[in-house]
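Below, subunit A partners subunit B and then partners subunit C, in two separate complexes.
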Partner chain A sequence: MQARTQTLWQRILGIDRRWLYLILFVNIVTFLVAPIRMPASVSPPVQKFHDEIEKLQPGDLVMISSNWSASTLAENQPQLEAVITHLMRKQARFTIISIEAQSRDISYRLAERVTKEKGYQYGEQWAHFGFVPNLIVAIKGMVTDLPGTIKQDVRGTEVSKLPVVQGVKSLSDYKMVIDVTPSGTVPIWISYSPKNVSILYCPTSVMAAEAYTYLDSGQIKGMITGAKGAQEYEQLLTVVGLGTRFMNAISFSHVLIIVFILLGNFAMFMNRLQQRREG
Partner chain B sequence: MHMLTNLMAQQTIWRLPEESRILFATLIVLGAFVLILGLAPVLQTLPPRGRRAIIVTVTFLAGLFFAAEFFLPVDWTAIFPKDDPKRNFLTPAIQPAQNVLQIIGALALGLGTFGLVRLHLRNAVQRRAQWGYSIVLLVSFVVMATLSILNTLAEKEIVERGPVLKRAFSILFDYTLVQLDAAMFSLIAFYIFSAAYRAFRIRSIEASILMFTAMLVMIGVVPLGAFISYTLLGLPEAGAPEGANFLTQLEHSIGLPKIANWVLTQLNAPAQRAIEFGVGIGGLAMAIRLWLSLERGVT
Partner chain C sequence: MDWLLEFLPRNLDRLSVWIGVLCTLAIYSLLYRENPVYRFFEHMYIGLAAGYSLGPLGVDILYRYWIEPIWIQGYWAWAFVVPYGMYLYFIFSERYGWISRIVIGTLIGASAGLFFQEFSSRYLPQLNSTLQKPLWVSDANPDMTYGMMINNILFVVILLSVLTYFTFSYEQRGPVKRVAIWGRWFLMIGLGAIFGNTVMARMALLIGRIYYLLNDWLMIRVGGG
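Then we have the complex of A and B:
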């Protein structure tokens, strides 16, 4: 029996997924290396985030909750780098805490590299509190007794002896908390952290949609959404970081997806039309 | 006995000086350990109903402690004159209780590790199907754990961080684990592309609305959206001046980034809020069910 030949539209509709993967791969690689830089339109949540950090005075204390692993590195690393850069510009002191075991190492090494470039002193101006296994427990503990809850930093120094948190008894002594995470941890910070501490949020793009409700209510003071938000933030800081480099590839991948969605619909429409004509 | 009465009078074991606290904490841990060891055979002999009663009681009391600490009024100086009027008499116990929770969390991590190693050891020893992968897992586990522990000790300056340790940890962590993890997650982009191509079809009005909204947001949130709107089409980026007529206001509002932001804040946020209210109420109901051991899993 002779096999029925497929029309062009049917072939487009049934395209092998490996071709799609290849097209996307070529698109990403091309626009990662292409020297095109498109300025972003700074979104209101990113602008609010920036303005909130601008309000900090030299010496103000900030807690960064870094809970991401390598899987979301493309989004969370540019965010964390941009935030640390801004905090250093404002001469703010900061401490980092991780509830993700892998993030303890990644964020510590990242912060060490970024701070070393700017001559920020470990222990004096920043510190890493390491990994804590349960965020709710950790926050509740830090609210009542921060040195007693954390006990030691990643280098084994007692928290009470770290100059960066000298005299700090509780989380209430901090000015703000910045949650850099791909998980839904920000409601936990909102629920349990002291009311005088501002909360800023750096989620991955997929998690950002849920956070707009907290932005509206003012429970989150600002938000950097994924690599796209990081690019906008880098633009505000006038630096070229990972966010700016990644954004081209992301932009044109979005365009590619839209083009293929339209192509798929057009092929479906044409195929139906052809079938109707053929009776 | 006198010591215990003293403690009761101060009603704070956790406010004792450091040395006494460590001694008491050690005694408590040892006591709990002996109790558990002693109770385990007794519990085994109990019928399921008896075991359930113990689990239900412990769960209820543990939940009650946290609930009572949160809901009780703060000032108890009328009964405990030495107490801080800004917190109730249970508050000082919160920190030790949370330490216990952290230990339980860490134990769960240890238990998971033990289960994983036991399963793959059995696979390897009994040469079950695909036992080679189990060997790879066990070797990777031991090597990574050893180097991670050494690296942590080196960070705390307990052991020296030699060039071999530095290089080996870097190869395994930075150049292997981190890269593999990132690569695994990035595969999602390819699946999303394939799925979007096949699934986003105009089959109904609802699907069409969803598709066009998604496309507007997708292009509006990236710099290309700003480029198309403000550079190619020449739309104004700033907001409309006050008192501007309808057409001017419209012109200032139809840039793709502004449409995307409007969809996210005016359409998405209320829907998310409604979902979160539902989830919150559901979570509360589930928490009460767990606290009162009404869940079927408690047997």
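Then we have the complex of A and C:
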């Protein structure tokens, strides 16, 4: 008995998914290595984020909440780098706090590298408060007594002896909180922070859609969404960081996925049509 | 030749990069098929992540907030805090399970108290912002454009239709049902946006790993950087 030959549509539907992975991999490598840069149009949340930091005066104090670990490094690292670069340009003082154990070391190393390049002094202009496991308890503690809640920085120095937070009694003495995170921590900052402190948000792309309600109501003043937002922010700062380097590959991998989806659906419809015709 | 010398694991920094590459490739080998190398590295990663957390928990939390206040500052009452928290583990005992309820009661009480503050700070400003949205251009709102007007009307229409969809107190019939169906469609569009962002996030994570392979391991300067 002669085996029935497959139609083109059936062959497309039967492609082994590993070929698609390979094509995606080649696509990403090509557009990572290619020396081309696509300009980004800056979205309003990123512009608002930038404008809010531009309002800072030299010496203003900013709290960065860095809660990401190795698993979301590709999205949160470019955000944190860009934010620290901008804060240093504005000569703002900043402190970092982590509610993720891995993030304590990752954010500390990153901030140390970026600040060293620009000659920012640890203890004088910035500090890392280490790891606290429960954000609600930490914020409520910092609102009433910041040095008593944090006690020591990541290097073991008493917080009350750090020049960067000299005279700071509570979180109300800060101008701004910037939450760089892959998890739902921004509602906690919104709920428990003092009302005079502006909140800015750097989520991973997955978390961004839910945050638009907070943007709309003014509870957060600006947002950098994932690596795409980081690229827009780097463009505003006129620096080339990881966001810019990743963006070609992200854009063209999206194009490829859209092509795959269209092709797969088209093949499915054509196959059904053919089967119906054949009865 | 110089490239090859730099490429090889000749010092600790390069060795750590090679180990990172080995881990990355082992984890991604799952894309080809399920295999024991992937399983080994998956378990190793979970074990490392869990073990790593113990260090910061011990140094930053237990020592800083419990041992130091008791031994150095003399706040002896803190000695009861950790044993009290550990009563929670009585939940595994049939005979003494009731003890764990004391801790659970404390936690529920604290959470309920905190929720009052959370509700007022988190949801009331959103309600306030929604109710204050101007729906037409007038002299009272000089900064308002027609684009903003359409945006605000859409916002209110979507909000009301989605709220209607989630009204389960009575049977939805007639016009209410039609509005609820619109609400469901708006929800689907919202979920589609979230899914699109999820794809972007996953792509970024993959690109981050490939960047590591190219930039850190093969030392190919990526994106003209």
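What we mean here is this: the second predicted complex is superposed on the first by the 275 of 279 C-alpha atoms of A that agree within 3 Å, B and C clash if a C-alpha of one lies under 4 Å from a C-alpha of the other, contacts with A are read in each partner's own complex, and residues count from 1 in each chain.
In the analysis below, contacts are C-beta pairs under 8 Å (C-beta built on N, C-alpha and C of every residue); 3 or more make two chains touch, one makes a residue touch a chain.
Computed from a predicted model, the values in this text were never measured in an experiment.
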(Q) Given the alignment on subunit A, is it a clash or a fit between subunit B and subunit C? (A) clash
Q. Of the partners subunit B and subunit C, which touch A:N265 in the superposed model: first, second, both, neither?
A. first
Q.
After the superposition on A, what does A:Y192 contact: first (subunit B), second (subunit C), both or neither?
A. second
Q.
Is A:M38 touching anything from subunit B or subunit C once the two structures are fitted on A? First, second, both or neither.
A. first
Q: Quick one: classify A:P58 as touching subunit B (first), subunit C (second), both or neither.
A: neither
Q: Identify the partner contact of A:G167: answer first if only subunit B is touched, second if only subunit C is, both if each is, neither if none is.
A: neither
Q) Looking at the overlay, does A:G218 come into contact with subunit B only (first), subunit C only (second), both, or neither? A) second
Q) Who does A:S253 touch here: subunit B (first), subunit C (second), both, or neither? A) both
Q) For A:V29, is the partner it touches subunit B (first), subunit C (second), both, or none of the two (neither)? A) second
**Q.** Which superposed partner A:R155 touches (first subunit B, second subunit C, both, neither)
**A.** first
**Q.** Residue range of subunit B overlapping subunit C upon superposition on chain A, of 59-67, 77-85, 239-247 or 257-265
**A.** 59-67
Q: Please write out, lowest number first, the residues of subunit A touched by both subunit B and subunit C across the two complexes.
A: 21, 24-25, 28, 69, 71-74, 102, 132-133, 208-210, 213, 216, 225, 228, 250, 253-254, 257
Q. Taking the complex as given, what residues does subunit A use to touch subunit B?
A. 15, 17, 20-21, 24-25, 28, 38-41, 43-44, 69-74, 102, 105-106, 109, 132-134, 137-138, 140-141, 144-145, 148-149, 154-156, 208-210, 212-213, 215-216, 225, 228, 231, 247, 250-258, 260-261, 263-265, 268-269
Q) Of all residues in subunit B, which touch subunit A in the complex? A) 91, 94-95, 98-99, 101-102, 105-106, 109, 151, 155-158, 173-174, 177-182, 184-186, 189-190, 192-194, 196-198, 200-202, 211, 215, 218-219, 221-227, 229-230, 237, 255, 257, 261, 264-265, 268-270, 272-273, 276
(Q) Considering only the defined contacts, which subunit C positions touch subunit A in the complex? (A) 31-32, 49, 52-53, 55-57, 60-61, 64-65, 68, 114, 117-118, 121-122, 125-126, 128-130, 155, 190, 193-194, 197-201, 203-211, 214, 220, 222-225
Q. How about subunit A: which of its residues touch subunit C in the complex?
A. 18, 21, 24-25, 28-29, 32-35, 37, 69, 71-75, 77, 101-102, 104, 130-133, 136, 151-152, 187-188, 190-192, 204-206, 208-210, 213-214, 216-219, 225-228, 240, 242, 244-246, 248-250, 253-254, 257
